[in-house]
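Two complexes come next, and they have one chain in common, subunit A, joined by subunit B in the first and subunit C in the second.
This part shows the complex of A and B:
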């Protein structure tokens, strides 16, 4: 008989492809990060960017431009990682390839909370939006979890998806109801609603940094359980996985990650949906690998979208939320067709 | 060894059927039993007060009509459901109080509704059976590899190791799932309807594979089967459930009677000797089915000499005159 040597495919071409993709996209990410500092309404040559980065004390117009763009780039990377991770977790825990953070009701929750606070208390400072949005997201997510766990058998993927859709629809009508009679609120809300990186400030990002870290650590903890869960709840339990705990962990991590992102950058669609799909296409069904690759793909998509938005309509910006949707939607259709989705 | 509610003899030791005892390569021989086990959802009891002491190294089959609680019972055995009353004991300890991963190194479960992740290869699928042996962050080791290789070889799937599960035939796919359960290296394997949706040749292939495992490794196998005749052919002991109650427990020879089939499944049947295995075999008797009429015809002509009881002559007469 032939000697069977390869460990579950460590030597198979797909793994090699995954490693190559990871390295190449890491390089691409660094290039994009530098470009997103260099390119803007006032371009700065790459050599100067590197010079300023190496010498924090540098002064001049170029140095100022660079310093303003760094938080934007950092937020792009953080948000890209967070959204892609949250999407991976959502797809894993619901076994639904179409799941993404929006089915948590997070965006809806954040939007409603912000609109409500604008209309009633008259909030206007970005840092206030951050915390109010965070709170709204978490309440909506808890509502979806509670609704999806009703019944003797506890949370199931289908119930979760339905609960998310119901809560999102309800919040969206409530938001409109509050918004429509108030012209002044509409104009300040619409900037938040599109989702963008232009409001990035270190003073807003740094306080929320621990949440990104906690979310990602929780996500990593969930990955083995998600691999078991992928084969069905019963099989996962039979393998000794604590299914409910894994679901709660994945849920909690996606809530933290996407609520934090939404609070800082507004609702950015399609990253959580498309990125895990693309990663899965390359590395197969192992969530550890999908997650790793998504951590690089997410920021790439976000930074690239942000750059495109800046370059296309110079000197004004098209917000990144619009560009990710413009890029993401066709990508998603192509991916879905190629993967020949069996379970919609 | 086994407790029976029926007055059927408790003498259902595996030795009686000529099977080798547990001469195992697996170091531990876990022992599973239930005492007064009741399981239910809310107020409704699906499984009612079942005592079962599963003999180590045997093959057991759980039979009964749809909705009788077969799967629920199996899931409770694997710690998937919490008993309302009674306990499941693994080596004498309450399974509900044991860490999930420790249970999973001794009791393996192959549920009916398993999903192969899209595009996964056979070896990747099988390697997931090693889940209970891994703590967070622990690396794949030589022991894992040996277990996976062994499972692939035992199920005859080593030639398919790098093939996507989606591309396999039904029988091969089921063998891949069984390989996953084997890679889990448990002394007890529970299977929920492992032959459902398979063509008859694959059904036999899967059951032969399980018999081989039992014979070579001494693995204790308990499976839910809806085909009573296959159960009788392959099992050392059978547990018949009806409405969550234990209707009969014993060797197929002891319990598979016309009376039991009527009581459990609500059908009239003739029990004959299976010419292939010598085990009892049930022939369901449906008044209006072609097969039943043909069988009746043969009986009256004198073909069916293996019948264990005399044909029901009144019914015959009734049919003849129709």
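This part shows the complex of A and C:
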């Protein structure tokens, strides 16, 4: 496969497939974005959506509905991109096909830290959540990493997953321990805890936008290094790649991206797991291409899950975190059944 | 044999002390005399209700469910020959729990009906996880991975149902998320008691076979054990007990995982130590309930305490398993 993709140039059928997929999914993403503005407990016809988008002064119920749904759509796109990038980075740097911010404990750590700070210090602004959440996910991720790399042979997908599950189970109990006696915090937290886009507001998203950008830029910087890492640490070092620096960069970027997403939308699982694999199926093992395609696939998966959740139980919503878990877990099982689980 | 008797009597005594403490200790501390009078059927204003309707059912449920979790977990760990293969780690408890939540919220079931739904859910989950793990044999690593994924999926389904229940009430929801003994009634005692006794009666004749199966399938077969049939029988009995207990108190975290390893540590490694695991399970839930109710500044569901105890132990066991190379 590697020899295949390294013959670069547009004549390569795989590259052409990748380009076609990229364009098609970009179109799909635009359609989904429009749908997620139009569809909801009160459907708004597309023509009205476009009218409202073109005329900021428009009034009426439809216009209000559209205005509420636009931030939700934007958050869906941002969160989808961030989670997919974080997943790609984590899979690349750990060479573990089952890596994902939720499986490796980042989401649980962020959630616990945020709840703890809500309850004890009384933090209430999302920008504060982000810093606390980052601290939490760093600590949790380091714990999972340490636990998963025990033993002579170092980290393996099985040990990492198990370590992540242990840490996540403990953190979620601790989260409920902090939460249960405080009815006031529960009400603001209960939907957030399962992961949802419904609380999206531009006033919350805009201040955090730079973090998304920083995370993605760092991710792009890491990509060549990840390609080298895929050949093994020794070979990568021999090729002049600064292995430790690349790992730290990828680590930092995924922590920033997933903590920011968790602060805004709650812990959303399995997006970071599924998306890079889908991209890998299409474009092969080059991380630059996987990453590019993931940036489109992630938002598609998240917006589609959000739409499914909205349509399935109208007029209420199913939180997007629940839908992604229901979609993502079967993919995880398929991957876990593969014989060559050890390598990507 | 002598050590076994000694260990068992100590555990029985410990369970009795914990049960007594759990019943009598609280905002009002009742005397042994009060307890005797209530148990003998005397009506004492105030005390009869507090003890007879609130504390005794709660403590007895804790005892029975803890024991059921203990047996079920221990059976699984022996059959699969690894402490990490307990039903709460490989997703089976989540299945029983999701079925119970579905039964309560969507179908409005209770009592025996609810237990039946939960048992069906537990057995179905077991079958599905086994089917997805099977691939020219059963591998522990794949079982854990598939189980964790199914657990995540089923927990998502549970929280979906809970978030959209008409009367979201955090107390009852916390039961289905972490396991709790709040609001247990005599009907719960009855059900979990029946489950426990049926389970014990059914497991007792199987325990000798379980001991042989621990030696390996081939050796067990050469000793005259019908391997497949015994495995299926043991799994069905333990999943049934586990599911009934789950439908009463929710998925109390890590109890089925913890009981077996603790029991074997104190009773030596010779036998399968099923009786000891049963008692350890009961002691764990009772002890955690006492901690959850009285020793913390706020009352917590019992599952929070067990998982704070269980998490580090699981990490330790992972460490040991890794050192022995079981997870490579």
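Just so we're on the same page, the second predicted complex is superposed on the first by the 251 of 344 C-alpha atoms of A that agree within 3 Å, B and C clash if a C-alpha of one lies under 4 Å from a C-alpha of the other, contacts with A are read in each partner's own complex, and residues count from 1 in each chain.
Convention: contacts are C-beta pairs under 8 Å (C-beta built on N, C-alpha and C of every residue); 3 or more make two chains touch, one makes a residue touch a chain.
The structure displayed is predicted, hence computed values, not measured ones.
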First, second, both or neither for A:136, with subunit B first and subunit C second: neither
Partner chain in contact with A:322 - subunit B first, subunit C second, else both or neither: second
Touched partner set for A:272, first subunit B, second subunit C, both or neither: neither
First, second, both or neither for A:242, with subunit B first and subunit C second: first
First (subunit B), second (subunit C), both or neither touched by A:228: first
First (subunit B), second (subunit C), both or neither touched by A:87: neither
Broader residue contact with subunit A after superposition on the shared chain, subunit B or subunit C: C
First, second, both or neither for A:101, with subunit B first and subunit C second: neither
Shared subunit A surface residues [contacts with subunit B and with subunit C]: 152-153
Residue ranges of subunit C in contact with subunit A within the complex: 84, 89, 132, 135, 141-142, 144-146, 148-153, 155-157, 159-160, 163-164, 168, 170, 174, 177-178, 253-254, 298-301, 303-304, 307-308, 311, 314-315, 318-319, 322-323, 325, 327-328
Residue numbers on subunit A that touch subunit C, as the complex places them: 98, 147, 150-153, 156-159, 161-163, 165-167, 169-170, 173-174, 176-177, 180-181, 183, 186, 190-191, 194, 269-270, 313, 316, 318-319, 321-322, 325-326, 329-330, 332-333, 336-337
Subunit A contact footprint on subunit B (complex, rising order): 41-42, 75, 78-80, 99-105, 107-111, 113-121, 123-129, 131-132, 134, 136, 140, 144-145, 148-149, 152-153, 158-159, 161-162, 184, 190
In the complex with subunit B, residue positions of subunit A that touch it: 1-2, 4, 6-9, 12, 95, 152-153, 221, 224, 227-228, 230-232, 234-235, 237-242, 280, 284-286, 339, 342
